[in-house]
Structures are given as C-alpha cells and as structure tokens.
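Common to both upcoming complexes is chain A, partnered first by chain B, then by chain C.
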Partner chain A sequence: MPHKLSEIISWPEQREKAKTYFDSYGWPDNRNEAWKYTSLAHLKEGKFTASSDSAPIDSAQVIDSAAQLEGFYVEISGSAVQLPPQDALPNGISITDITADDNARAAAFTHLADNHLLPALSAMHQTSAIAIDIEKTDSAAPLPAVILNLTGSNKEGACYPFVIVRVHKGAEARIAEIHSSHAGLSCPLMVYEVADDAKLQHIRLQAEASYTTHLGLNQMQMGKNSQINSFAISMGGALSRLETHSLFLGSDAELAQSAIYLGRDRQHHDITSFVAHEIRDCASRQLIRGVLDDKARGVFQGKVRVAPDAQKTDGQQMSRALLLSRDAEADAKPELEIFADDVVCSHGATVGELDENLMFYLKSRGIAEEDARNMLIDAFLVDTLDEIEDPDFAAFMTSQINRWSLARR
Partner chain B sequence: MVATTETIAAVEDATGAYKYGFVTDIETEKAPKGLNEDIIAFISAKKDEPEWMLEWRLKAYRHWLKMASPDWAKLNIPAIDYQDVYYYAAPKSAEGPKSLDEVDPELLATYEKLGIPLNEQKMLAGVAVDAVFDSVSVATTFREELAKSGVIFCPISEAIREYPELIKKYMGSVVPVADNYFSALNAAVFTDGSFVYIPKGVRCPMELSTYFRINEKNTGQFERTLIIAEDNSYVSYLEGCTAPQRDENQLHAAVVELVAMEDAEIKYSTVQNWYPGDETGKGGIYNFVTKRGICRGDRAKISWTQVETGSAITWKYPSCILKGKDSVGEFYSVAVTNGAQQADTGTKMIHLGEGSRSTIISKGISAGKSQNTYRGLVEVHKPAEGARNFTQCDSLLVGDTCGAHTVPYIVSRNPSGKIEHEATTSRISEDQLFYCLQRGMDEEESVSLIVNGFCKEVMKELPMEFAVEAQKLIGISLEGSVG
Partner chain C sequence: MNLLEIKNLHASIGDTKILHGINLTINRGEVHAIMGPNGSGKSTLSYVLSGRDGYEVTDGEILLDGESVLEMEADERARAGMFLAFQYPVELPGVTGMSFLRAAVNARRREAGQDEVDQLEFVKLVRAAAADLGVDNEMLKRAVNVGFSGGEKKRYEILQMSLLKPSLAVLDETDSGLDVDALKIVSDGVNAQRGGDCGMLVITHYQRLLSHIVPDFVHILAGGRIIKSGDKSLALEVEENGYAGLVDAA
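This part shows the complex of A and B:
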C-alpha cells in the first residue's frame, strides 16, 4: 500500500486522478488480493452516487445512540452539516466546515494512500468536509470530547463524509465517531494527524442500518513521541469494511489500536489494518476480536510493515475469532512484512468455538448452559475493552457490547 | 539480529559460493527450442508413450495457452520467454542402461561430485536412488530388492508404459491438469520423474531417493512424480536437487502428487540446492513447483519436510488435502535465502475430513539482499468437525538489507475447528537468555543452545541421509544469532 509523502496537488487534480484510478480499477471482487474475502461485486450495478438529500438531522436518534457521551457534537448527515457554534467551544478546540475550501481538502489528502479505492471514492464524491483542530491549552483539565455523529441519508443514496482531525503539538484530544447512517452506501474517510508529543484518545462505533454497505477508512498519522489509543467496534451494516492505515512519521511514537467485530444473521464484517513502521523506535499493539453468530462472516486482514530503517520496532498483533454457529465463517490474513533486523514483531491468529472445558467448569458449578455461554462470550471480549484508556469512552463502548449481547440472547 | 562478519561469511559459504557449478560434457539429444503441439508430440514419441498420454499432454497445453502466470506472490519474476527453452534433452548414450556398469562414466563422475556416488549407494544400507539427469532416468538401483516386497519404484515414463491403469487413475487426480499455470505447463511437457507404488500393508523396506540435476544449457526441467501408498503402507521419499552454474536463468516446473489411502503414511523430504544466481541476481534457477498430497483414506498421513537453500526464485507450496477421517498433514520447512534470492514458499492445509489435524512449522532465515516470504493457507471446511491446526512461523534476519515476510491465510467454516497461528520475527528472548545464564551457562553457550532450538523442530524430521546439508543449515542459524 504505497503512501505518498509528496507535495500537495490541487483538489481538481486530486479528483481527476481518483476518477482515472477508479475507471480502471472499478469495484473489486474476490479475484483482487486486497479484497479476497470481501467482494464488492454487488456495487457494480448499484446506482450509488453522492447523496443529494439534505435530510434534517434526526436529533432524537442521535441522543439515543450517544446519550452517554459528554462533549461537543458535530452532526453530519449526507451533505448537511451542523457544527457547535464556535463561541460555545472551549479554548483549544476549533471546528471548521471546509466543504467549499479546496485548498484545505487537498492539503488533508497529503499522506493518504495513492491508488487505493477508499481515498479515491472520497475524492470523487465527498459530500461534506470538516476540519477539527485541537491545540495545547494552559489548563490542566483535559479538553472535552468531540463527538462526530454521522447519520442520515436514504437507502438509495450514498454518503461520503470527510473529517480531518489535527491534534497539534503537545495537545491531547478525545474524539468519538458514531456511524449510524441509513445510506445504501456509506464511505466515511477520517484522517487523524497527531503531531509531535500529542496524544489522541479515539473510539469508533459503526452501528449502521441493516442494509448498508459500509466502507470506512481511518488514517492515523503519528509524529515524534505521539500516542494514539484507538478502539473500534463494527456491529452494524449488511457488509462492512473498516480499513485503518497507521503511519509512523516520527520516532518514539506508540499506537494501541484494537477492534471488535460482532456479526449475526448474514452480516459480513471486515477489518483490514495496515501499520507502517517507517521510522525507528516506534511501537504498535493491536488486539482484534470477532464474535460470529448465525450465518455471519468475519474477516481480519492485518499487515504490519517494518521499513529498512525502522530498527527497534516493537510490533505486536493478536487476532481471535469466536464462532458461535455452525454456519458462521471466519477468515484471517495477518501479514508481517519486515525489512529491518533488530525488531520484535509477532502476530497471532486463532479461530475456534467456545472452550468445552471452560463450559464444563461453569456448568459443573451450577451455572445454566446459556448463562455460561454468555459469560464466556463476554470474557472473550473484555480483555480488549481494557485497552481503552479513557474511562468515559470505555463505559460507552462496554454498554454498546452489552446491548449487542442482550439483543443476541 | 545484528549480523557479524562471520555470520555473513557462514551464510555465503553455505549458499553463496556454489560448489556444484560444473558442467558435464557429454553429448545430448535435444528437441528444437520452443513450445508447440509438435514439440509435445515429439516428447511423447521419444518417450514411446501411448496415444492417451499424448492427448492428455495436448489437453494440458491447450489449457496452459489460456492461462496467465500467477502474480500474487511477493516475487519479482522477470518475463519468461517460453519459446526460448529446450523442452527435451536426453543424454544420448543413456538409452535404457540395464545396470550401473552401462551408465556413462562421466555421468557417474558428476554424481560423485554431487556426493551421491551410485556405486557406493548400493553399499549404503537402505537407500535406492532413481537419478534424473536432465530428462531421462539414467539408472535405477535396488529395484529388484524393492520388487520382492511388491514396491514399484521406476521412472514415470516407464510407469506410463508398464502400469497404464495406475497412471490413468492417479495422474492428475491430486494436481489437476489445469490447476495452475506451471502445473499445466508441466503436464504438457514433463519428460521424466519418479513413480512409486506401495501395495497394501507394505512398509517400504528402505528410504527411496531421487537426485534431480539440470545439466544442459537452456533446458527446463519438468519432472513429474507420483507416489501412491495403498492401505496401511508406509514410504519415506527423499529428493535432492542441484544445478550447474549458468548465466541465464533456468526454469524448473515440477509437479509432485501423493496419494495416501487408509492408514497409509507418506513422508516426503526435500533438500533443494539449485544454483541461486550470483550476488547481483544474475542467473539461477526459477523453481516453480506444485506439490500436493491427498489423504484419501481415514487416518492417512502425509508429511512434507523441506530444506530450501537454493534457487534464484522459489514459488512452492507443498500442500495436503485432508479428506480422510482423522487424517494428518504436516509441513516442516527451513528456508534460507541469501544474495538476491527470492523465496515465496509455504503450504496449504485443506481440512475436509472429520477430526483431521495439521501442523505447520516454518523457519525462515534471510541474509544479503534476499526476500523470504512464508505464505500458507489453512482451510477448515464444513464437514471437518473437530479439525485442528497449529501453525508456527519464525523468521531470522541476518543484516538489514533483507526482508522476512509472513502471509498466512486462515479460512474457518466449522466452529468446532480450532486454528492457531503464530509468527515471530525477533532477537533471542531476554527471558530465555536470562534463564540459561542463571543456570551457570556462559552467554555464547546459552545463545547457541537457544538458537539450536530455532531450527531443531524441522531438522529432526529429516532422514539421516540429509544430515550433512541439515547440519550446515543449523550452523548458519547458530552463527547468525551470536552477535
């Protein structure tokens, strides 16, 4: 996945390039190595273009899905955007609509992968673009969270929201993404630029409509001595793919990036991550868990690349999938690509059902079968939730998983 | 792993300076260069093949024409001109030698340089050799002794004439004609290889061995091996490969098929030491091989062990189709790359049978400017109730200009299947080192002990006959780790 580190090209040029690329690439199917387990062939006949509807934001729904999260809400529904008024925001946070600002949009694309489907789709169709800047403040108290609420649109439409979050030098940001779109096709693109000595606490919840095709890309760019703590849950949509591209651009940076996918019925969840250790002395740690029920299918593809100069890299990755039904399927393709010799890198992957011995242990203690099962499923997920540093975020994500578990029972 | 000068020297010694780069000067009979239906008919005629075999070859060739060379591997393969290759070359004087005495002395001398003097082989307990020199099996030893227990071990060209029923039944049953680009090419133009048949209840009395060698300039070697183990039988098969030094790249596209029936076991070991090209990447063998075994019967077992040190480019995935109930597949591999070598190798374990189990142990050592990739597939299908897989891939890098990559593919369609994959690329663990030091060992000793373990799991699977090459490899891993 080549990432360009080149100069900015103008927005119309960017868009033209994307169009040329898409015209030759098209919607990939499983003959394409990067989409081997997740075919987008069904989009070939799709009529999805950029959604033109500017449906008013359904605030009731927003409150329902994100009621527990305190902070400033940015509402994005198709091309309709509603920002908190600037004067309500505390010092250190500024939020700008850059939909009409071609220069800002072009600049935000600097480090995105060239010749890649998701940035190309965004460049071609972007329905809205927002920039969030977090600056270091004098106050000791942490800044409130910014909550991106991505909703709206209709079954026939597609939405392509774009958000760039710039966490400036030494600042600490808390950002939550809540995806609850009702579009036929939802293609959000998020870029996080975390500058030197800055820190990002990040969660992402994908709970979109049962018919939605979700193609999300989260790009993380990390400066020297920066830290990211990121956690994603994919539980909505008919077919969902979350790609995370994490780029180390300065030394001594640390990335903790975990994800859970929860699938039932005929859902298809794909988590595809790419961590690029381009610089020495950085660490990445990834935990991925999947629970699959009914006829759901889960895919994890995780590539860790260590460039020739990235000595002393510490790259750890562990993915585990739990199959709850005879008809569920789990596919995994973890990948290590290592060009430096003095590194500690490992990945692990397991697929299986609930451990019979553990079930027996619980049942022998008088716990009913169904309860024992649920306890073990919860236990399977809980060690990843411990990865979330921010207590509010952790509580929110835990409640989402509980909601899913309860609905399953 | 930080490289020391001795390490690099040790690796170069084993893989760099190629000791087998001599050319045997004997007359050979070649078909004209290029590939078309006439050449295939020529090969078939030369081999005295029945009509159905020619049809089979032509069918494969017509498929091949419609196929494209695979491009998914992490390999940089220069375009190959398939019309610039000789598809048939046979030593002229080697038409059906009855015994070793009739074999051209030059040929025998070549083998002696390779370290497998056939005359001595007879005295070595328990090894029969079917030597393939370019395209024709030159001599087959110990056949009579094997025949006593009902074991058939002969060149495949002979098997096509003598045992057409077995060939018709099994050839192409594991690797279908149009399975992939290189296997289709092989099916069209294969010139020789080995055929092994172990009847019911027979434990093959000795280890079977074949040494492949590419000699003539610009020839591709397309050998085809078929091993059938009937119910409750056992065979261990050894394969070694060397090629002389050439500036041009040479193509080696082999197909190996294994069939294991109920309670049968096939153990297939390879030491692959083809010429790897020079440090700049000039010359060397392209080793594009399809190896696949099927455990047809319940409790059948197929075990692949490979030590890969040669070839400019390796594209090779010895696989097991685990169809029988409780069948077992194993893959043990050590792959060493140096200079400008590229290797993309691994295995496929296809679990179809209930209770089938597979183990994959892969050790990759890369040095110089080489790229070493493990690529493996583990698939658990619906009927494979309770299937188990364990995969471990470890990589060691010597120097900072090489690459070590791991690309496992895991597909699970049965919840009762348990798949575990782990891969590491690291220096020696501090914990292990501490443990050893704390027991009073010095650092050198400790490191040596720990790294000895790095390859041991694979090495211990190798038959005694390959001990020399195997030991050399352990030496490299050891040297590579101290520093």
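This part shows the complex of A and C:
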C-alpha cells in the first residue's frame, strides 16, 4: 500500500487517473499480495453479491438499535442523502452535501493512496459525498455525536458513499458509522482529518445483508498532538473487507484502533490495516480479535511502517482469532517495516481454539460445557471493549456483540 | 454409605500409567491428607477425581455417595457435590467474578432442584462469604483471577468452595505459593467448612499445611500407590525423616 502525499489535482483529473488505474489493473486476484487471502473473483465475473448461507441481518433491527445512540443522524442511502437541518445543529458542527462540489471532493482526496483499488472505485463511482466539520466551541460540554446511517436497498446495484470528517484544531468529535446496506456491493470511503490538538471518538459497525460484498476504506489522518480512539465491528455481509489507512502527519499523536470480526456460516471477513509512522514521537495501539464459527474465514493483514525520521515511535499490534469449528479458518499477516532505530514496536498474532484449561476450570465449577463455551467466547470479545473511551459508544458496541452471541446460540 | 470410595484405581495419561491401584474411603466430616514426593501421582489423583479430559481410568472404580462417577463429565461431578481447589487457578480475562460465581452456584442449585438465587440476594451472600476470607469488593469486581496475587487466587478458590458447599472438597497443594499469613487465612477458611457433611481430601507435599488443617487420616502416596496410612503423626514423621525411608520400606 504505497502512500504518496500528492498535491491537489482537479476532480475530473482524479477520476481520469482512477479510470486509467482500474482499466490497467482491474479487480485484483490472489497473485496480488494485498489480496492473497480475499478473492474478488465474483466481481471480476460482473457479479456484485456473494453467498454466505448466513441468516440475513435485519437492517431495521440494526437501525433501531442505532437509534439508542444519542446524536444527529445523517442518512445516506445510495445517492439519496438526508442531512439534519443546519439550524438544528449545535455550534461547532456543520454538515454539507458536497456531491456537486468538485473542488471539495478533490481536496478531500489529497492524502489517499495512489494507485489503490478502493480510492479508485470511489473516485470513479461516488454516489454521494458529505463533509462534516467539527470545530472547537467555548462550551465545556462535549459535542453530541454524529451518527452516519449508511444503507442501500438495491441487491443488483452498488453504492459508493463518501464522507470526509474534518475535526478542526483543538476540537473533539464523536462519530458513529452504522453500515446496514442491502446493496449488492457496498464501497464506503471515509476520510477522517484530525487536526492538531484535536480528538476523535469513533465507532464503526458493519452489519450488512448476508449477500453483500463490503469493501470499505477508513482513512485516518492525524495532526500534531491529536488523538483517535476507534473501534470497529464487522459482522454482516457475505464478503467483507475493511481497510484502515492511518497516517501520522504531526508529532505526539496517539492512535488507539481496535477491530472485531464475527463470522459464521460461509462469511468471509478481512481486516487490513496500514499504519504509517512518518513523524517522530507518535504512538499506535491496535487490538484485533476475531471469532469464526461454521465455515467462516477471517483475515487480518496489518502493516506498520516506521519511517527513518519517526524516532521514538511506539507501535503495538496484537491480533487473536478464535476458531469455534474445525471448518473455520483464520489467516494473519502482521508486517513491521521499521527504518528508524530508536523505537518500541511489537506485534503478535495467534489463532486458536478455546483453551482447554479454562474450559476445565469452568466445568469443574459445575458450569455445563455449552454454557462454559459461551462464557469464554463472550469474554474473549468483551475483554476488548475496555478500549472504547466513550461510554455511550461502549454500551452500543457491547449490545451489538451480545446480539451476535445470542443469535449464534 | 461412604461419601467417597476409591477402589483399585488405575489411571493413565496417554500411554503413561500414573496410578497403580489406589484404595481410599472417605466418610462425611472426615479430613484426609494425601502426602507424597514430586511425581507420585498426587495431582493426577485430583484430576482423575474431578474428571479432567485426558486422564483415563483403566481399572477400578470411584463412587461418590455410592454412585459411580466414571461416566460423568467434570461439570456433572461438580454439580453432584465434588469440588477441586486448583493448585494453579487459571485467569479468565473478560469473565467478571460475580457472573462466574453466580453461574456456578446456580448450576449447582438447579441440579438440587432449588430456585436460582436472584442477583441482589447473591451479591449479599458473596460479600458476606468474601469478608470472612479477606477477599475485598475490588477483587470481586475484577475478572476472575486476573491480576490476583498467588495468595489472592487461593483465597478465591476457598471462597468458591464456601459458596458451592461441596460434599467432597479436594484441595490440590493449596499451600503452594502462600506466605505464612495467607496460609493462615486460607486454612481458617477451610476449617470453617469442616465438620457437618463435607469430606475433604487435602493434597500436599509439605507437613506445614497440616498443622493448620489438622487431618483425621494421613496417607502417603508414592509411585501411584498408597504405601502407608496413619493419623496426623505420620505427617510429622515425614517432616522429620523425609519420604525416602518410607518409600524404601515399601
């Protein structure tokens, strides 16, 4: 995933570049190292949907449960966009439809990876574009959350929503992404620009239809002394890939980024992350957990790059996958590329079944096999939720995990 | 009827035979100590009794209240009244103490045809039992055994025992890793549950635990057999002369 800090080029040029790229490379196959474990063969054949045999997720239920989150809702369904009226928004939050604003779209693309499938798809097909600006206010109270409901109903179609969130200097933003699309192909692209001294609390739930192909990219750009606390759950879709690209653009920034994937039946979940430490004195901490039942497959690819000038980088990454069935499969590819000599970096990846020692301990207390299993699976997931700083967000994500757990039983 | 009857028990792990014909009878209210050198089969005996996978009984019988437990899973044995205090209690990240304790107690109550305890009543019950063992509220809020010291883990085992009220408690090297003060607290907790219907099997390498939990009977285990049985004076004899003489004499 080569990143280049490109200069702003006009939107028509951007689109032209994307087309040229896609015309030459097309859908990647498994000879492409970045797509070794995730096959897009059905897209190559012109089919958007994939098959997972999984019980369909009730999107109404997902949206209902999202309604428990307090904040302002942005509804994006394909090219239909519904924004809260600007006069209803508090000072410090503004939300703009930039679908027709080529300059704004071009500017938002500045730091995205060149020659990369997901930005190229977005540039070629964008169905809507929204800009959210969060500014520092005089009030001591935190700003309300902005909740993005990303849906789509056309099984034969595709949606390519684009959102840029700019958290301006010194501001603190709370953003939730709820993906519950029923489109055949869902390709959301989110850019988070977190300026100097700014802070972002972020959650992302992917609970799309059982046949949907989900190819999402979350780009995080961090200014000096900024902080991001991000947590993602992927549990829907037939084939789902979430890429996160995190770029440190100023020193003393901190990124805490966790993700959970939950797979059953023949679902395929892929979490691919790239953290670029270009600047010194920054810290990244990533926790990835997966639970795979039936014939589900999980992939984690995590690259951490520490540039020669990025001294005193603290980069931590840990991924663990739990297999509940003999037919489930997990692949992990952690990569550290360190070019600086004064850094603390660690990574680890494990794939395993439920620990027999823990099972025996629970059973020796009279807890039946099935109950003991469920306790340990829940514990494996819930243990990560401490990573979420925002209490409302934590409660919401906990309820989603519980919902999945109960449905699995 | 005897509480526990072990008859001619042979057991293996894989192809390795560990127990070579153990006979032992425990009545309600009795405390039996099993002492033995390293590798004598002490821990194997505790795991075979509690039904751990991977330990195969090749011959003999284990009867709890006159019923064979050999076909029972570990959880069934526990609900039937057996309790194992672990030598090395495991950490359960993400499993909070209260939910774990409640699941265990309710599993046992359901088996006995009793109503489950409601949450509020249970919290009171646990706090009272915990206070006696010096287990503070902070510990109860944390995940099971996570970040506990060695002594705290052992106290937590005894807390579970006092809540589950087993008919047979097997204490596997409960003294290991304990300093003198912790040993006293844990022993007091065990002694508080003595008498009545509960029988105990205290497994230990050293005599020192047995000066706190004074046994009615002492058995020496070596090479997978009980080579000598006696009263508490046998433990003192071991303390004085070591195991070597006893093992050679057998």
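Keep this in mind: the second predicted complex is superposed on the first by the 391 of 409 C-alpha atoms of A that agree within 3 Å, B and C clash if a C-alpha of one lies under 4 Å from a C-alpha of the other, contacts with A are read in each partner's own complex, and residues count from 1 in each chain.
Throughout what follows, a contact is a pair of C-beta atoms (placed from the backbone, for glycine too) under 8 Å apart; a residue touches a chain by one contact, two chains touch by 3 or more.
Note that this is a predicted model, so its numbers are computed, not measured.
If you count the residues of chain A touched by chain B and by chain C, you find the higher number for B. Within the superposed three-chain model, A:L324 lies in touch with chain B and out of touch with chain C [touch as defined at top]. In the superposition on chain A, A:G348 makes contact with chain B only, while chain C stays out of contact range. In the superposition on chain A, contact of A:L358 is made with chain C only, not with chain B. Contacts of A:L336 after superposition on the shared chain: chain B is touched, whereas chain C is not.
In the superposition on chain A, A:Y211 contacts neither chain B nor chain C. Shared-chain residue A:L381: touches chain C; no touch with chain B. Judged by the document's definition of touching, no chain A residue lies at the interface with chain B and also at the interface with chain C.
Against chain C, the residues of chain A that register as touching in their complex are 355-358, 360-369, 371-372, 375-376, 378-383.
Within the complex formed with chain B, the residues of chain A that make contact are 33, 308, 311, 321, 323-326, 328-353. Partner chain A is touched in their complex by these residues of chain C: 50-53, 73-75, 78-79, 83-84, 86, 89-90, 92-95, 99-100, 103-104, 107-108, 111, 143, 160, 164. In the complex of the two chains, the chain B residues touching chain A come out as 1-3, 72, 380, 382, 395, 397-427.
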